[in-house]
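Heads up, there are several structures right after this.
Note that chain A is present in both complexes that follow, paired respectively with chain B and with chain C.
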Partner chain A sequence: MSIITISRGSYSMGKTVAEKVAERLHYDIISREVLLDASSRFNVSEIKLKKAIHDAPGILERYSHNKQSYIAYIRSALVERIINDNVVYHGLAGHLLLKGIPHVLKVRVNSDLERRIAIVMERDRIPAQEARALILEDDKQRRKWTHSLYGQDPWDTSLYDISICIDKLTIENAVDFICLAVESKEFRLTEKNKQKAKDMAVACRIKAALVDEYPNIGVTCEYGNVLIYMKGKDQMTGKLTKKLNHIRENTNGIHHLETHAGIEPPPEAV
Partner chain B sequence: MSIIIISSDSEEIEEIIAEKVAVAMDYNRLGSQILTDVAANYQIDPVKLSEALETTPSVFKNMPSRHWRHYLSCIEAEVFDRLLKDNIVCWGLSAHLFVTGISHVMKVRLLSGGGRNIGKIAEQKGITVGRAEKLIADELRQHKKWSLTAYNLDETDPSQYDLVINLEQIDPTEAAITITNAVEYRKFQPMTYSIKCLSNLALAAKVNARLLESMVNIKVQARDSSVVVLTKASNRQKRKKIAAIKELAGDIEGVSYVEVHVKKNILTDATENPY
Partner chain C sequence: MEPLTLEMIMVMAMIGLAIFLFIVEWVRVDVVAILMMVTLPLLHLVTPKEAFIGLSSNAVVSIIAVIIIGAGLDRTGMINKLVAPVLRIAGESSSRIIIAISVTVAIISSFMQNIGAAALFLPAIQRVSKMRKIPLGRLLMPIGFSAILGGTITLVGCSPLILLNDLLAPFNLEPFGLFDVTPIGLTLVASGILCFVLLGRFILPQGESKDIPEGDFAEAPEKTGSDTDQTEFYELKTPDDFTDYRDPVLVEDLRRRYLLNVVAITEPPDFKIISPMPGMEVRSGIDLAVCGQKKDVLRMAADEGMKLKEDLETYKDSLSSQTSGTVEVVVAPRSPFAGKSLNEIDFQDRFHVTPLSVYRQEETYRAKIDDIVIHVGDVVSLYGTWKRLKTLQNEGGLLFSLPSDMEEMRPEKALWAGLWLATALVMIMGFKIQLSVSLMTGALGMILTRVLTIDEAYQSVDWRTIFLLAGLIPLGIATENTGAAAWIAHTVLNIIGDVSPLALLTVIGIMSTMFTLVISNVGATVLLVPLVVNMAIAAHTDPRMAALVVGLATSNSFMLPTHQVNALYMGPGHYRTVDFIKAGALVSVVFLVVMIAMISLVYGV
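Up next, the complex of A and B:
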């Protein structure tokens, strides 16, 4: 009874590993579904969402905050999906989007660059040089994306519970490791962990509802008690009060809602 | 029947897990205790050997580059010699950086995560928690710099390892079980070719250690009992250096043929021959 996120470089066999883990543990497997959910819930095209989670923000995007909104939508959709547990997520940035939920086993699957090149060459029927450039550009984009939004390097092993190199180790070996690790008591679903996931879902819903107009807000939720942190200039206005009342009425799981203006959001805030 | 090399950002964790794995597998242990043997075999101060494993060369630290390279080469030679015996858990000697290309060696990196009790370190050293955190971060940065200087490899790069386990949430006992299970995999079983590669590296390391005692700019490759030495020398020194290398390397047990390739050292040529 757990949640597993599998992060990978492109063509690193992470998808196959995820499918086999899900099959062995009888878990649901999700990836693109999250984008489809977000797309229908927030009325944004899937392409825009995919671009937001894949490409690093351009110069203009850094000022428009569109990317922040799209990521808030994706995060909200992802948390709603995993709340029922027993899920393997192998889409982008799972380890970052689900940060704060304790029973998530975060896995990184790496593969030898030459092996990745061989896969691309065979799949796209392109020469080695082109395949290498394609992979390196993809890696660069992922690095830039994580760095610009979370200030971290996706290749930093401390972000994951296990990093497996598919080279000497096979896909089957990787599946064995993951299935063994997920049995650990730390990744088991407890009442406390379940509550944390529920609280995270509430916080994400609120953030997604407000992010368009207030891109810099931070939201925390503990046992249904919601705190919204906002910058000084975003202080309570009639419009915001109306919006918050609407959220309170239409979002399940909120006991109490409070706003803190001019206070820096804590690191765990979404 | 394999070799497990464990590396970690915390010496304490490295030792705990290595011990657990060695007990579970009934393997021999190869840790920093061998430094006293290295010191005795090569007549070096053991303190200098430990220092060489921690610091980069510096004249201010009384560790010139030439000596530093020699100390490391002696450690490498001893480690390779012992790894030939197989069924070994090795840690604390940076073997993950120099034992490369051997298929029956499994390399594991352990990240201490919350396992490294910052509060405890602060109490032991009598400093604040913030200062202890900074101290640990500096230590990690320094070790990364060391690995790059010594072997041109970043030891924090996950592609250097078969498996990286973060102990923030995973229990050390479970990590040890994962390692012991993994080492049973077919890919980590020694084969004739991988054993041959290891003995070639061991012979090269032995020759390297002998030559670095009195020379610099040495690179050694070995195949069976033939050894190829790559070095740099000026035109004037060339013959003398080749003869010295052949004599020193030829004396080592297991070496039957020595080939020396000399690259011209432009700097010494310029100082020795102004025309």
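Up next, the complex of A and C:
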């Protein structure tokens, strides 16, 4: 009874590992569905969303906040998907998007570079040099993306509970480890953890509803008590109040909603 | 006209920098002033001696003395004693109460710093509001505005006027006397109060009065923002199996989860604890009293299987208004608590009182209030026993609406305090002794006759005000010395062409009003006086009057809650910025019209 995210380098067999884990544990497996959900819920094309979550923000995008909006949408869609538990997610940035939910087992699957090159060469029928360049460029983009949005390096093993390199260890080994790890007490679903996931879903919904107009706000939710943090001194305008009232009425799970203007959002805010 | 020199450009750049920093507030205003004090001599725009001349100026010494005298008067408790007779005279009508208190505040403010007078009266006004059932919002704004307007009654009433004579000195213009501005100031106060008496119902928010009965606590509603936000006291009993098969539930858990403050709890077998610590465990089969909104109490009772009692039972006595209660305290100017989060202050551990909510600028904060950094003017609701609350009140830094009978007051010294104030005034008026010398004599007299100790006198001085004044004075000198003031004045006059003296004074008045709203009143005065004196000389208008308009109009700060007094009263009065814009716009226009009319009447411009 838990949630597993599998983060992977491209062509690292991560997808296969995810599928096998899901099969063995009888869990649902999700990846692209999240983008489809976000696309239909927020009316943004899937390509734009995919670009937002894959490519590092360009110089201009750093100021346009579009990317932030798309990521908020994706995050909201993802949290809604995992809220029912027993899920393996092998899409991008799961470990970062689900930060704050305690019973998530975060796995990183890598593979030896030469092996990755071989896979690309065979799949795309391109020479080794080109395949190597493709993979390295992809890795660079991922690094830049994580760094620009979360200030972290995706290759930093401390971000994950388990990091497995498929080389001497086989896919089967990896599946064994993951299935063993998920049995541990820390990843079991408790009332408290369930509440945290629910709270996270509420916070993400609110952030997604506000991010277009207020890209820099932070939202936290604890037991249904929602706090909205704004950096600005006093930006309480009628427009925001109206919007918040609308959100309060149309979002389930909100007991209390408060705006803390001029207060730095805490690190756990979405 | 002189050509534009490099020095002039540098001075103008420094002025631009100062204004920019005043507006963006990356650093505090007094730090901006010190920056000017240090940078100007480094750029050779003033001599090192001129850079620090502000610290020994008449204005700065006068303001130190005024602050000490004000603190002395405060110590005697004399001012608070004034409230009772004033109210007797005022009778029952709310207009008369507004007039009576406003006039008293204005007169006191004419000899004290405006913010000091405003802070001093706040607790008394809160009591009056409660006693006479007049909404605080209807009282505070007129009285706050009167405190600001009162600053224009004498030359020591506010920093800009204290500065004025020093700024006129380089031009060899005759200095103003202590009461030269009095007719204008009194008319301004009168017209300000009149605005509220006649048009109050249109320009003031019409809130409900805070109607708190003395009797049962369970019925004491506390107004925090809108009417749906009412918090009350409820008593509940935990089930016998409350702690079975679960993690311990702490007092702070209930707060985080249900936004309910546990104000009393039983520790088995039957120890009743008022204002329990956040880390205390909630046991099975015990009674607890919480303060919060009914919907949250019902939610907790349902979720946790607690039984909600119809009335207070176990805690009927311990929560009775005889022993404990809720107070709304306002964070005072220069409070040691300002700038700290509630977590850092730790009211619970240090004073055994429970913070319930924080009110700031139209928002009531109830969730995660521990992380909130409190500012001057914030209203914090606290629950505790009266004894504990009084200990906190003694600590200072928070304005309580409780009558302060135990503060270290020295009423027996009231006579001495009054005497020394009178001595200072006689020295100024009767013997024409310089302002700073006379006021310092009064301050020293109070110290010698032990109205306050020398340490208390030092502590009362607000170094921010001192350095703001002293640091900006060299900027004024540089503007004048380099000819930048004359250059700007001529350029402006060339653009606007020939104008009548009255029109020029009006323009100066509007300009000063606009400056004072964005940069501090002291900043506006220091920058504008050299400029307008040059303009007036070039336009053949009385330069002293031009300077006086600046000194007065920099008090015309009503439209935004930027003035310290407005900022202090905004929280307790539950005002929104738009309330200040509405009432302030009217008072500002009236101010300008009355000021110009009175100057032309008194000085025949």
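Note that the second predicted complex is superposed on the first by the 268 of 270 C-alpha atoms of A that agree within 3 Å, B and C clash if a C-alpha of one lies under 4 Å from a C-alpha of the other, contacts with A are read in each partner's own complex, and residues count from 1 in each chain.
By definition in this document, a contact is a pair of C-beta atoms (placed from the backbone, for glycine too) under 8 Å apart; a residue touches a chain by one contact, two chains touch by 3 or more.
Bear in mind that the values here come from a model prediction, so they are computed numbers and not experimental data.
Engineer: After lining both complexes up on chain A, report clash or fit for chain B versus chain C.
Structural biologist: fit
Engineer: Does the superposition put A:P266 against chain B (first), chain C (second), both, or neither?
Structural biologist: Touch partner of A:P266: chain C, not chain B.
Engineer: Should A:N173 be classified as contacting the first partner (chain B), the second (chain C), both, or neither?
Structural biologist: In the superposition, A:N173 contacts chain B only.
Engineer: Applying the document's definition of touch, where does A:A181 land relative to chain B and chain C: first, second, both, or neither?
Structural biologist: first
Engineer: Quick check for you: in the superposed arrangement, does A:L227 touch first (chain B), second (chain C), both or neither?
Structural biologist: second
Engineer: One more residue to check, A:N245. First (chain B), second (chain C), both or neither?
Structural biologist: neither
Engineer: Check the residue A:S40 against both partner chains and state whether it touches chain B (first), chain C (second), both, or neither.
Structural biologist: In the superposed model, A:S40 contacts neither chain B nor chain C.
Engineer: If you tally the residues of chain A touched by each partner, is the higher count for chain B or for chain C?
Structural biologist: Answer, by number of touched residues of chain A: B.
Engineer: Rounded to the nearest Å, state the minimum C-alpha distance from chain B to chain C in the superposed three-chain model.
Structural biologist: When the complexes share the chain A frame, the smallest chain B-chain C C-alpha distance is 17 Å.
Engineer: So which bits of chain A does chain B touch that chain C touches too?
Structural biologist: In chain A, nothing is touched by chain B and also by chain C.
Engineer: Can you check the complex and tell me which residues of chain A touch chain C?
Structural biologist: Residues in contact with chain C: 192, 220, 222-223, 225, 227, 234, 236, 255-256, 258-261, 263, 266.
Engineer: Report the residues of chain B in contact with chain A in the complex, numbered from low to high.
Structural biologist: Against chain A, chain B makes touches at 103, 106, 109, 111, 113, 156-159, 161-166, 168-171, 174, 177-178, 181-182, 185, 187-188.
Engineer: Which bits of chain A are touching chain B when the two form their complex?
Structural biologist: The contact residues of chain A facing chain B are 102, 108, 110, 112, 155-158, 160-165, 167-170, 173, 176-177, 180-181, 184-187.
Engineer: What does chain C use to touch chain A in their complex?
Structural biologist: By the definition above, chain C touches chain A via 247, 256-259, 296, 299, 361-368, 371-373, 577.
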